[in-house]
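Handing you this structure, nothing more for now.
Naming follows writing order (A, B, C, D, E and F), and every chain is counted from residue 1.
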Amino acid sequence: MKLIVAIVRPEQLSEVLGALFHAEVRGLTISRVQGHGGEIEQVENYRGTTVKMALSEKVRIEIAVSNHFVQPTVDVIIAAARTGDVGDGKIMVLPIETIYRIRTGEQDQDAVTPVPAVAAAV
Amino acid sequence: MNNGDIGWMLVSTALVLLMTPALGFFYGGMVRSKNALNTMMMSFIALGPVAVVWALLGYSLAFAPGSPVVGSFAFAGLQGVGLQAQGTIPHLLFMGFQGTFAIITVALISGAVVERMRFGAYLAFIVLWVLGVYAPVAHWVWGGGFLASAGALDFAGGAVVHVNAAAAALVAALVIGQRKDYARHAMLPHNVPFTLLGAGLLWFGWFGFNAGSALGATPIAALAFINTMLAPAATLTTWMVIDLVRGGRVTAVGAATAIVVGLVVVTPAAGYIGPASALALGAIGAVPSYFALILRARTKLDDSLDVVAAHGVGGATGAILTGVFADAAWSGGPNGLLGGNPGQVLIQIYSVLAVLAYSATGTFVILKLVALVLPLRAAGRVEGVGLDVTDHGEEAYTAGDGAILVSPNDPAYGQSSVAAIAFPKGGRS
Amino acid sequence: MNNGDIGWMLVSTALVLLMTPALGFFYGGMVRSKNALNTMMMSFIALGPVAVVWALLGYSLAFAPGSPVVGSFAFAGLQGVGLQAQGTIPHLLFMGFQGTFAIITVALISGAVVERMRFGAYLAFIVLWVLGVYAPVAHWVWGGGFLASAGALDFAGGAVVHVNAAAAALVAALVIGQRKDYARHAMLPHNVPFTLLGAGLLWFGWFGFNAGSALGATPIAALAFINTMLAPAATLTTWMVIDLVRGGRVTAVGAATAIVVGLVVVTPAAGYIGPASALALGAIGAVPSYFALILRARTKLDDSLDVVAAHGVGGATGAILTGVFADAAWSGGPNGLLGGNPGQVLIQIYSVLAVLAYSATGTFVILKLVALVLPLRAAGRVEGVGLDVTDHGEEAYTAGDGAILVSPNDPAYGQSSVAAIAFPKGGRS
Amino acid sequence: MNNGDIGWMLVSTALVLLMTPALGFFYGGMVRSKNALNTMMMSFIALGPVAVVWALLGYSLAFAPGSPVVGSFAFAGLQGVGLQAQGTIPHLLFMGFQGTFAIITVALISGAVVERMRFGAYLAFIVLWVLGVYAPVAHWVWGGGFLASAGALDFAGGAVVHVNAAAAALVAALVIGQRKDYARHAMLPHNVPFTLLGAGLLWFGWFGFNAGSALGATPIAALAFINTMLAPAATLTTWMVIDLVRGGRVTAVGAATAIVVGLVVVTPAAGYIGPASALALGAIGAVPSYFALILRARTKLDDSLDVVAAHGVGGATGAILTGVFADAAWSGGPNGLLGGNPGQVLIQIYSVLAVLAYSATGTFVILKLVALVLPLRAAGRVEGVGLDVTDHGEEAYTAGDGAILVSPNDPAYGQSSVAAIAFPKGGRS
Amino acid sequence: MKLIVAIVRPEQLSEVLGALFHAEVRGLTISRVQGHGGEIEQVENYRGTTVKMALSEKVRIEIAVSNHFVQPTVDVIIAAARTGDVGDGKIMVLPIETIYRIRTGEQDQDAVTPVPAVAAAV
Amino acid sequence: MKLIVAIVRPEQLSEVLGALFHAEVRGLTISRVQGHGGEIEQVENYRGTTVKMALSEKVRIEIAVSNHFVQPTVDVIIAAARTGDVGDGKIMVLPIETIYRIRTGEQDQDAVTPVPAVAAAV
C-alpha cells in the first residue's frame, strides 16, 4: 500500500475530485493548507502596514491506494490539477506499512475498498 | 414645523442609512469568503460618492421644479435647501432622507455583479447611474413627474427603488457576463449568519424606509409601519410553508430572502392599504419570487444574488397589488381594484414598465460608456484568487500566517508597485 | 393623538422587533457551529407565523374586552383595530407594539431546547403556545385580567414575558430531554462575538421594550429608559466583581449574560421605581441568576442556554423587587415595601406563581399534543451531524469544498428525495 | 416639556449607547483572534462600572454648578436629578444622555493598548479616568466651565470626547509600551467584516451623538444630522480617491476608518455649520488623518488601533475647522473665520491644547497610580497565548476539540486554582 | 519509530482522546479534515442551487510511537472510534526514519516521552 | 527524497519561515493543527461549564527535500522553533518514494527546485 499526498490549488479541487471519482478512486481525505513555492507573493495593506503574503492557499489530498493503483491515480491528479502556471503543486508517494478500516478492523487492500452506506445507515 | 414629525424623520433617515451596511452583510454572507470584502464594499462605498453627488446635483435633478421627465438645477449645490419648512420638517432633512434612498438603490444593483465586476468600474458606474437613472426616475414618481401626474401609487419606492435597481441589475449581469465557475462549480454562502444579520437589520431599517415615507409621525406613518411588520411576516410564513411542502426543510437563506421579498412587496403599498390586505399582499407576494429564484438558477443568467427575482419580481408584484388593494378608507387616498377602481392596476403596470424600460436602457448606455475607459470585469485568474486581494489588497479573515512585513524602503511598500507588475492588465482596478 | 407619542411608539416597536434577531445572535453564538443556523432560525422564524397569528387572533385573546382570564374574539382578524386613538396613539400601532412582545417571548423559550428539538415540531409548538399561553397571560396583567385587578405591577413584562417564557423553557427542557452529549462532552460557544453582538443589540432594543411600555414619549418613559440604562450597568458591574473574586477573570459570555439578566430584572420595575433604586435593583438582581447558572450546570436539567436561570430567576427577582422599590413619588403609581406597602410584595409573588403554574401546565399540554403528530426531538445520529444540515439543509459556514452541483434532472434535485430516503424517520423534520 | 423633544432624546440616548458595542466590533475585528474577546470586552465593560460611577458622581462633577474647572457634589448620588424639566426634557434624561458620552469616551482609549494591557488594570484605570479626567473636561466645555466662558465651540465633543480620548491613548500607549511583536511580525485584522459592521453601527449611533446634542427635535438637530451624514460621505470619498491614487486599491479597513474619521471631524461642528461647509470639512478632514495613520505605523509608537491618528488628529482638525466654517446664518450662533471672526480659530486651538494638556497629564498620573497596585501589562508569554484565554478564560471561536469537562469536585473547577498556579504572576489579571 | 495516522469522526474525537490518554499515549497532533468514502452524501439547498456534499467532516490524528507501541495504540483507536456505521475512518501506519524533540534536540524514543511542564513554565 | 514534518508553535512560525527561506528552503506547505503533549492545560469557563483544554494550537510544516538537505533543514528548524519551554514540538523525517511537480510532471530532485514565477504568470 502507498499513501499519495497531493498539494493542489483550491480552484482545481472540484476538477481533481471529479476526475478521481471518475477514475473509481472512492476514498480520500483532504485538508486546507497553505504553501510556499515559486508563486508571486500578494501584497496587502492594512492601514499603515504593508505585508507580503509568503503563503498561498492550497488543498492537501491524501489517498491510500494499493501499489498497482499508484501510477493511474497520480496521472489522473496531474491531468486534473495542472493549470500550467507556477503554483500547481506537488504529489508525493509514501510507503504505508499497514492500513486498517476502523469500522471492521479489516486490513490493507480490504480496508480501502469502500462499501456504499445504505441510506438508512446514516 | 412639528418636533414630533422632525424627530421621527431624523430617526427614519438614520434607519434608512443603516440599511446600506445591512445590505452589505445580507449580500456579503452569500458570496465566497475570497470575495466577502469586495461584496460588502460595493454596498458600503455607496455611502460616500453617491451621497456627495446626491447633495451636489442628484437631489436637484430629482426634486427641483422641472419638466415632467426631470427636475432642474435649481437646488444644485444645495442652494435654497435650508431649514425652512417643507411640509412639517426642514427642507434640508427631506433632502437627506431622500438621499438615503438613492444610496441603497445603487447598492442593491451590486448583487447582480459580485465576484467579478472590477471595483474601479463599479465606482464610475454608480456615480453616473444615480445621476442618469435614479434621479430622473425619482422625479417621475415623487418629484411631480409624469408618473405622478398619471396617478401612479408608489408609497416608498416599489418602482423607483426596487424595479429600478432590478432592471439595472438584469442589464449589468448580462453585459458583464457570468462568473467563470457559474453553473460549473457550487458557489456557496460563506457565512449565512451574516446574511441573517443583514436581513434583520434591513427589516429594522425598512420601518424608516416605509413609515418614514409618510414624512411625519402621523397615523398614516403608523399604518405604513404596521403593514411593514405584517406583510413580511406573511411572506416569511408562506415561504416557510412552500419550503416544507417542497422538501421538508426550512432554509435560513430562504427565510432571510423571504423577509426581504416581503419588505419589497409592501414598499409601494405601505401607506395605501389596510393591515388585513397587507397580510394578503405579503402572502401572495411570496409566490412569484420564490419560483423566480428557482427558475433563474436554471438559466444562463448569473444574477448572482438574485436581485431580479427578489427586487424586480417582488417590486412589480407589489406595485401591481397596490393597485388591487389600495383602500381610501385607510389612506384617505385612492381606491384600487377591490375598491372598484380597476384603472389603478393599469396605471401601476404602466409605471412599472416605464421605469423598467428607462432603467434598462440607461444602465446599458452607462455601462458601455464606462467600458470605454475601464474594463468592467476581472480577468479569469483574478476570479480564482478572489477580488478581495486583487481589488482591495486585503483578506476578510486572516490568521496572518506567512505575512511578512514590508518596510517602507522596500519597493513593494505601498500598494501599487508589485500589484501593477503582477497584474499588467485586467487584474487590479 | 400626539405626533411626539406616535413617533416614539413607532421607534419602540421597531426596537422591540429588532430584539428577536438580536436574540438569535445571542443564542446562536453559544451553540456549536453545526447548530448555529438552527438556533438562529428558532428566533428568526418567530417573526413569521407568530406575528401572523397574533394579528389574526392572539391580540384579540389578549386585549379584547373579555373575562378576567382571557379576552374575546372582538378584535379577531383585526376587526375594529384601526387608526383611531387608543390613548395618544393609533390602536393599530398598539396592536403591533404588543405583537413584538409576543414574538420575542416565544423565541426566548428556544434557548432551552436548542441542538436537539426538531424544527417542524418547534414551529407547531410556538404557534399553539402564543395563542394558548402567551395571549391569556398577557390578558391577566395588561388586558384587564385578574392579575391587573389584584394590583400586580409589571411595567414591561417581568412575569408576562420572562417568567412565562422561563416556565415554558423548564418544562420543554424536561419533556424533550438532554442532548446526548450533555454532561459527557464539552459543548462550547462557537462564536462568542455573536453573543456579544446579540447582547448589545438586545440592550438597544430593550429601551423600546421598557420605555415604550409607557406608550408615549412622557417623563415616565424617560424614567423607564434611564432605569433600563442604570440597572443593567449595575448588574454588569456586580457580575464582573463576582467573576473577579471567584476566579480573577471577567468572562465575555458572563458579561453578555449579565447585561441580559440586568435587563430582565428591571423590566417589571422600569416605570415604577427611581434611578437610585434601579442601581440597587440591578446590583442585587445579579446574584441569584449568577449562582443559578452555576448550579443548573451541575444538575441533570439541560436548559441549554439557561433560560430559567437568566429569565426565570431574573424575572421573578425583578417582579418581587418591584414590590419592594415601587415609589409613588417617581411613578405617581403605588408604593412598594420601602414606601410602606408590604402587601405589594405578596401581590407580586402571587402574580409570579400564577404565571409560572399556568405556563408550565399549558406548555406541557401543548408539547404532548404536538408529540402526537410530530416527534419532538431529533434522532441521536442527527444530533451528531448537527441540525443545520438535517433540518435546514444548509451549513452556517462553508468553503464549498466537495460540494457537487446537482442538476434539476438528478433525482436528488430539490430537497426532499435523498433527504427522505436517508432519513426514513426522525431525521429531517 | 415637549413629547417630540423627549422622544428624540430617548432615541438619541439609545443610539449613543449602541456606539459602545459598535466600537467593540470596530476594534475587535482589527486585532488577532486570540485577543478578539479581550478587545471587545474593553469596550463592553465600560457599559458597567463607568455608567455606575457616572450616575453616582461623574455627572455631578461635570454638570453640577461649580467652579470654572469642575462641577460640585450637588448632584452626587443623583440627588436633585429628577423628572423636572431641564430645557424641554427631563433632567434625568439629560444625565443619561451625557452618561453615554462618558462611556464611549473611555472605550475609545482602549484602542491604544489592546493585545497587552491587563484587564484588571484597565478596569481600575477607566473608573479613575472618567472621574478624574472626563468629568472635569466635560465641565469646562459643557458644564459652564472656563472653555465655555472663553467661547469655545464644541457641538458634540470634538475636544471633550475625541481629543480627550486620543491624548489619553497616546500617553497610555507610551506608558504601557509596544506589543512584543510590534514592528517585528505582521499583526493583521482577524475579521474585517466585524470592523465594517462596527463602522456601520457607529455611523448609525453617531446621529444620536451629534443630532442629539441639540437636546431636542429642532431644526438645529436636523442641521446637525444632515452634516453628520454629508461630512463622513465626503471623507469616505476623499479617502477612496487617495487610496486609488496611491495604490489603485480601495481598502475596506480604510473605508471603515474613513467613516469614523469623518464622523470625528464633524462632531464639534455639527450644529454650527451649513451642509456645504460640512462637505468641505469632511473632505479636508480626511487628509491629515490619512497620512497620520501611515506615518504612525513607521514610528515606535504602538498606538495599536490608531486612536491618535483617527480621533486626535481628526478631533483637532474638526475643532479648528469649526472655527473656520461656523456660520451664524445657519446656527444662529457665532461666526467663524469665513464669517469674519478669525478669533474663533484661536479659541478653538486654545480649547484643544487645554484638553490635550490636562488629559495627557491626568492619564499619566492615573496610570502610575494604578501601576502601584496592579501590573499594567501582560507578561510576554501571555501575549503569545493571547489575552482571551489568560485574562478572560475563554476563546472567541472554538470547535471544542480536546476540551475536557472538569467536574465540580476537580481542583481545577472554577476559574482561579489552575490559572493561579499556571500564572504565578503577570499572567491572569 | 512509526507514525500512526488515524482518520476518525469528529463526534468520536472525545472518546478517542480519552482512550488514548488512558492508554498512556501522551503525545499527539490532530487536524480537522474532510473525507470521502462510502458515506451517504448530504444534500443541501441554497436558493435555487442544490448540492451534494461529497466530503464529510473528519478529524486526522497523528501519533508518533515506538514500534512495540504501534499495535496497542491502533487497537485503542479502533475500539474508541468505531460506531459501526459506514464512515468510521481508517488508520495508517507509516515508517519514520528519525524524530526530534525541538526543545532538546533529543532523538527517537527520547523525543516522544513527554515531560509534563511545571506550571510556571507556561 | 525525504519528507520533513515539523510541529511548531504558531508564535514561532514567522521565525521558522524566515530561517527556512534564509537557508534557501523555497518550497513548503503548512497547516494549522492542535497538539497534546506535556503542556500546561488551559482552564476555561463558559457560564457553569469549566473545561480543560487538552490541545494547544500548533502549526504543521511539511517539507520535501533531497537526502543531503535533510540535516541542514532539521537544524534550521530546531534553532528557529525552540523556546526552551515544554511544547516546542517535534520534527519527523519520513521516506518519500517519488515526488512529482504537477505543473511539469518532473520527478524527484527536479520536482522540488522551485522556479520563480514571472509576474505576469500569476
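Throughout what follows, contacts are C-beta pairs under 8 Å (C-beta built on N, C-alpha and C of every residue); 3 or more make two chains touch, one makes a residue touch a chain.
In this text, all values refer to a predicted model and were calculated from it rather than measured experimentally.
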Intersection of contact partners for chain D and chain E: A, B, C, F
Repeat of interface D-F, chosen from C-E, B-E or D-E - more than half of residue-number contact pairs shared: C-E
Interface residue identity across copies chain A, chain F - same or different by half: different
Separation of mean Cα positions, chain C and chain A [Å, integer]: 47
Rounded Å distance between chain A and chain E, as computed from the means of their C-alpha atoms: 18
Inter-centroid spacing, chain C versus chain B (mean Cα positions, whole Å): 32
Residues of chain D touching at least two other chains: 2-5, 7-8, 11, 184-189, 191, 197, 247, 249, 251, 253, 298, 381, 385, 393-395, 399, 401-405, 414-415, 418-419, 422
Two or more partner chains touched - positions in chain A: 14, 17, 30-32, 34, 36, 40, 44-46, 49, 51, 54-55, 85, 94-95, 119, 122
Chain contact graph, described as a line, ring, star, complete graph or other shape: complete
Interfacial residue positions of chain B with respect to chain F in the complex: 381, 385, 399, 401-402, 404, 418, 421-424
Touching residues on chain A, where the partner in the complex is chain C: 10, 13-14, 17-18, 30, 32, 59, 119-120, 122
Residue numbers on chain B that touch chain D, as the complex places them: 1-11, 13-14, 17-18, 20-22, 24-25, 28, 36-37, 40-41, 44-45, 47-49, 51-52, 55-56, 77-78, 81-83, 89-90, 92-93, 95-96, 99-100, 119-120, 123, 191, 194, 197, 391-400, 403-405, 408, 414-416, 419-420, 428-429
Touch list for chain F against partner chain C, complex: 44-49, 51
Chain C - residues contacting chain E, complex: 184-186, 381, 384-385, 389, 393-395, 401-406, 410, 412-415, 417-419, 422
